[in-house]
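Chain naming follows the written order as A, B, C, D and E, and within any one chain the residues start at number 1.
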Amino acid sequence: MQVNEYRPLIVAFCCNWCSYAGADLAGNNRLNYPADVKIIRVPCSCRVNPMFILRAFQRGADGVIICGCHPGDCHYTSGNYYTRRRMALLFSMLDYLGIERERTRLEWVSAAEGAKFAATMNDFAETVAALGENKRLEDLRCKK
Amino acid sequence: MQRIGVFVCWCGTNIAGTVDVAAVSEALKSEPGVVFSTNYQYMCSQAGQDIIKDAVKEHNLTGIVVCSCSPRMHEATFRKTAAAAGLNPYMVEIANIREQCSWVHKDMLTGTEKAIILGKAAVAKVNLNTPLTPGESPVTKRALVIGGGIAGIQTALDIADAGFPVDIVEKNPTIGGKMAQLDKTFPTLDCAACILTPKMVDVAQHENIRIFSYSEVEEIGGFVGNFDVKIKKKARFVKEDICTGCGACVEKCPMKKIPNEFNLGMDNRRAVYIPFAQAVPKVATIDPSACNMLKSGKCGICSKVCTAGAIDYKQKDELIEEKYGAIVVATGFNPISMDKFDEFAYNQSRDVITSLEFERLTNAAGPTQGKLLRPSDLEHPHTIVFVQCVGSRCDACAEKGKEYCSKICCMYTAKHAMLVRDKYPDTEVYVFYIDVRTPGKNFDEFYRRAVEEYGVRYIKGMVGKITPEGDKLKVQASDLLADKQLHIDADLVVLAAAIEPDKTARPLATMLTASMDTNDFFTEAHPKLRPVESPTAGVFLSGTCQGPKDIPETVSQASAAAAKVIGLLVKDKLTGNPCIASPNELMCNGCSSCERVCPYGAITYIDKEFPQPDRTVAVRRVAQVNPAVCQGCGACTVACMSGAMDLRGFMSSQIIAEVDAICK
Amino acid sequence: MHKDNEKMKSEIIRRSGVNPSKCMRCGKCSGTCPAYDEMEYHPHQFVYMVESGDIEPLLSSESLYKCLSCFACVDRCPRGVEPAKLVEAVRLSVIRQQGANHLTANDIPEMLDPDLPQQAIVSAFRKYTK
Amino acid sequence: MQKITRDQIVSKAVSLLQDGTVSAVLGWRQGEFCYDVTPSVFNTAEDIEANFVWNDFCGANFSKYLVSKTKNIDGKLLVFLKPCDTYSFNQLLTEHRFNRESVYVVGIPCEGMVDISKVKAVSGEGIVCAESKGAGLSVTTIYDENPKEIPYAEVLSERCLNCKSKKHVAYDELLGDEGEVIDSARFDEVEKLESMTSEERFAFWQGELSRCIRCNACRDVCPACTCEKCVFDNPNSGAESKAPTNSFEEQMFHVIRAFHVAGRCTDCGECSRVCPQNIPLHLLNRKFIKDINSFYGDYQAGAEVGMRAPLVDYDLGDLEACDVFERRDSE
Amino acid sequence: MKVSYFPGCTLKNKAVILDTYARKCAEVLGVTLEEIENWQCCGGVFTTSKDEVATKLSSVRALKYAQDRNQPLVSVCSACHNVIKQTNHAIQTDAEFSDKVNRYIAPESPYTGDTQVYHYLELLRDVVGFDKVKEKVVNPLGGRKIAPYYGCLLLRPNTVMQMDDPENPQIFEDLIRALGGEPVAYSMRNECCGGYVTMENPEFAKSKSKAVTDNATAFGAECIVTACPLCKYNLDKNGNSVPVVYFTELLAEALGVKEDETNA
């Protein structure tokens, strides 16, 4: 890896039934996206606790994206509706605290949307890279 | 501390082409807990699995990380491998370095680096894994079917034929439902009674089926496999087991002017009655609101004429308690009230009727013995106007009607129009339509026959106003294709009233903790993949309680629901998914947040005693998760403020460990 | 849609508060309209033509002055489209133009009937005049 | 200043205690300083008559105390609730945090409570006496024996200046007159912050939150924070932290705390009242309240018992997270 | 009780009896109609367009007048009631309109749509109560077959007017029963009489009115009652010969305050 080039660190939470499968499909179709994106599998987007997101930022993540089934398609019927409310409020709050709003994102990616998954990750990684390092939410102690 | 083995798969060149697998296995060696790390060409092959099994034994492994393809591909495989090696299958985690790494990155350096990080995250998670065992619960091998229409009948017969006992609860004195009121059925025009009544008899004679007619579900407790249900058998004041259904009591009953529900009030019945000739059970019922004996103690004629001695004026409601493994909802539909649509003069003229009333008018067992006579003067109508979509497809904000398409009206209207033209070719028949919707086998052909062979006049437009005057109904309507306003003097108008779920459905859904949409149709567990199941485990949906349906669809869904029930009842024990929510009772506040977000009603509360440091006992309300019902989505874990609720297999600490490993 | 038509359509929609795209083309408005036979363009056509931006022909049509404002179409529309409000919005586009009043004070005397209530005159003026 | 007098409250408390309606009384007792008033349980009429305090410093919201104080009580506990306290009361009942039957609520009107730090800002330290006098407070300090009169408008706490309701939403009986829900300007500050740039907001909050000493007073006083064990004390939660060792530690703490009470916070303002560092914590809570109102329709936590909080509810047509800023920017 | 009363232009001229009997009967029933000072003509029809402000100001002034007195606003003429009620609804639901109107009128405090607007019939049903009306009847109508004629303005648009079920209204029927008459059920009671188009196109209006009166007489109506002067005009002039009367006349007759010599 080139030492000088800054690459962002991105954590992606993907629900097992739609978005994680969408990510797999992106792989099956060999659709490239930056290696900056690291996926954590959760059963449903509603498993994502805002604490996980803050923890990631605190530990040095530059962007966090949550992916779930499209509204109406949740494997558990209503999980993503709760996610939608939680994230809407959390993102608004982070922005209110002066955190760049582009660092967080919630996307609906179905198991059939491999291309959307790759495109979303490309776009998000580019957006976050343009912001540069996350300095506002990071816990300096976690820096090596 | 865990003893973790790491197994990096090459997947031929699929992974090894862009990831330096040797570097990955080497790098992961020094992760906390890792005592063994290796790589191999195909981990999922028998030889690869043997490597894992041998390593488990040789290194006393307590946890396994496989860096390979997607867990959606081979998680199950490696869990079996672990189990074969004597490990708990849930001590396995997969790092997806193929679909989410080697296949999407081109550069070996970045690919390898990311693979290592994904491997570290998996190792961090396994460090916190605990062995999980799926919960088990017994299954009561009996099903309850709520509603005795064609949906309930078909479901009950299919389940009973598979060898399981079934109880049908029907609120009316007889089973048969709406289909028993129909005359002919589209698109084949066979008579409804001819195909329905044999099934009703089958139900009555089936050794595995009990019918609780004139009964209602009072209370439902328990969960999948173990429902406790209270059924109220309303007093019918006739001993069901003794009554022979001879009808002597009916004949002699002096109370003759009770509107007959079966014929939708178009004729009368007695205070003691049998709804129709083929009723099942064929026993009389006394209507307590009409019977003189029950109201004032004066009469008692039926008791005198009953040679079997079946009349029992002292009969009381009876409460039956029973256990069931599965519950099928088949509560059906009703046409909506026409009160709000009086531009069609339904309340002003007896000759404006609904389609269901029309069915009775053309039925040989109906109020006119099947002769098409209009209700007001029993004259033969020469001009009949059918109005489609009355109350269907209305705007959500409109003050009347339903938003959805009632689905069956186009076809039954075509049927009615065709039957009229067939029996009475001298009759002019107009059908006002918005769209004619005929998706279904032989449906459009049927509609075309009505137009082409029977000469039914289909007019694209809508009736705006009906004015009864003299013995005519003045129909004012638009003909959009001719761009004209039409004025037709009709003798009879038939309104295709929208259908809505039965009123009993909503309280039933509450008892079942099953979800409903805003129209009071039951919601399915998944609109495409689990269309006959409710999200509440063990509750299944049959027929129009789930949405508007015709008979063929209803019967298919009824059988599908039966298949699902059989699949459940055939099991001796239910094995759950072990990755379910579980509360830490010491931390639980009993605040009900988790219960509110649970889509399955899996969470309940108990008051539990907790010994305190000062030797007193404190009682607190704490959450309980029913392992047989929880599906493991995790919505509750985030709703829980204290973090008392956690999800096995995806514990907060595990996810945080992954976050930390990735962000290190 | 042509830009001018687009503009006129959005103006009519804004003024009337009606969303013509809710129409499902059932024709109940025209089925119920008491002035149907007097009209060149009928209520359902008003809705359809506004929706497709084809408003020009409506502006010059006598139909604008045939609507009785009885609101039967508004109340009976299953989709809540409110055709009468569209008719009114289009009519205002016309009579608000200079000299485009449909009724003038000079027209009144010959229409006058000794029994005619004042209400009829003021209503007609409000409907037909800027 | 207060319309209701101490005598009225004391005689109500004594009579309810003596006729057996209640077995104990939750009230205020004098602390070390004149403005220092402590919540306390009274068991006897004598104690009440001698020591019960009611003045412009009785701001404490008693609702939360009911969770612990009703645990081991025979009979009922009498509690005096101001209008804003009754919202917390209902919210706690919604969450089953205590038994309604073990409490007897007397609603009392409130004319607003005094923020002692505002008084000190005018009078200086060393206050020995602060009494209500006409339309203000008469304050004497050890440095100046001549009483200084400060108008209420200058010393009322922020939450009282932006009072959202003078109506009690729960009570068994009411002393004095019932008030109304008020159309307050409580979101003005939030809006001001929203209109700043991201950098300005960050600077603002860094300035505020970096003063946090993690004393946990905000959490401990909050009627919505009644967890048996708090996530910040739980080593397994992933959010455990005991001390402000880093400038961003408390940012996570305050975000999580605000999120945990989002949709449940009644905006009683206790967090800001007790903060020794005067951090305007209510601005975090009000941000959530404002967003909830704007995204999902007006919602007042605690307005009724049994309401479904917005975060444990949803609507099929809810706003998408990506449209949040568009919505707000357009407002 | 006292209410603010908006008579309207026609009630001061062609429909004086609608007005006088309304006042007399109200007194009998314990309601005082206080005529709004300096009321201005409602305009006869409500312009539904959102950008039409000036034509609605007279209604707003009347509404504000009633609000200042903390009284409900009552009118007898269907048209006045329709215009005022729709204006009030627009103020309640259309913030932009409300804002504009208040700027025009610039009252001391803005008018926000709080005035309760009643048609006289609603006043009888919801405030006085038909039971009370029945008690006060001294000359019951003796089972006379009376056809209520609602027309359009009382009922529509229903989302705003909310007087009764727009397709199956009962308020007139219930009043007729309370007065001892027999209401005639007929379908054309809520169809248009031809309205103001009668001026330009009398033939067309005639066809509309005729359909109404024919339908009513087909069901045996001896007379038709209405609340609208324009309806009465059209039905009288263009209908068949069935008598058309204002409902207040019948009310006055039944309550014994009609100065008619035939009734003396």
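Here is the rule we go by: a residue touches a chain if its C-beta (ideal position, glycine included) is under 8 Å from a C-beta of that chain, and two chains touch if they have at least 3 such contacts.
These numbers were taken from a predicted model, which means no experiment stands behind them.
Steps from subunit A to subunit C, taking the shortest chain of touch contacts, total 2. Contact with subunit D and subunit E alike is made by B.
Chain pair with the larger contact count among B-E and A-D is A-D, by C-beta pairs in contact. Chain centres were defined as the mean of their Cα atoms; on that basis the chain farthest from subunit E turns out to be A. Once CA atoms are averaged chain by chain and compared with the all-protein CA average, the nearest chain turns out to be B. If you average the Cα atoms of subunit C and of subunit D, the two centres end up 58 Å apart.
As a whole-number value, the distance joining the C-alpha centres of subunit B and subunit D reads 47 Å.
Rounded to a whole number, the gap between the C-alpha centres of subunit A and subunit B is 35 angstrom. Subunit E has its Cα centroid 63 Å from the Cα centroid of subunit A. In subunit B, the positions touching at least two other chains are 343, 465, 597, 639, 652, 656.
Shown for subunit D are the residues in touch with two or more other chains, namely 231, 237-238, 311-313.
Within subunit C, the positions touching two or more other chains are listed as 72.
Screening every pair of chains for touch gives A-B, A-D, B-C, B-D, B-E, C-E.
Note for the complex: subunit B touches subunit E at residues 339-343, 345, 347-348, 399, 465-470.
Those residues of subunit D that touch subunit B in the shared complex are 71-72, 94-97, 226-231, 234, 236-238, 260, 308-309, 311-313. Residues of subunit B that touch subunit C in their complex: 343, 389, 393-395, 397-398, 401, 432, 434, 460-465, 476-480, 483, 485. If you check the complex, the residues on subunit D that touch subunit A are 190, 193-194, 198-206, 231, 237-239, 245-249, 251-252, 255-256, 258-259, 262, 284, 287-288, 291-292, 295-296, 310-316, 318-322, 324-325, 328. On the subunit C side of its complex with subunit B, the touching residues are 22, 24-33, 36-37, 42, 44-45, 72, 76-81.
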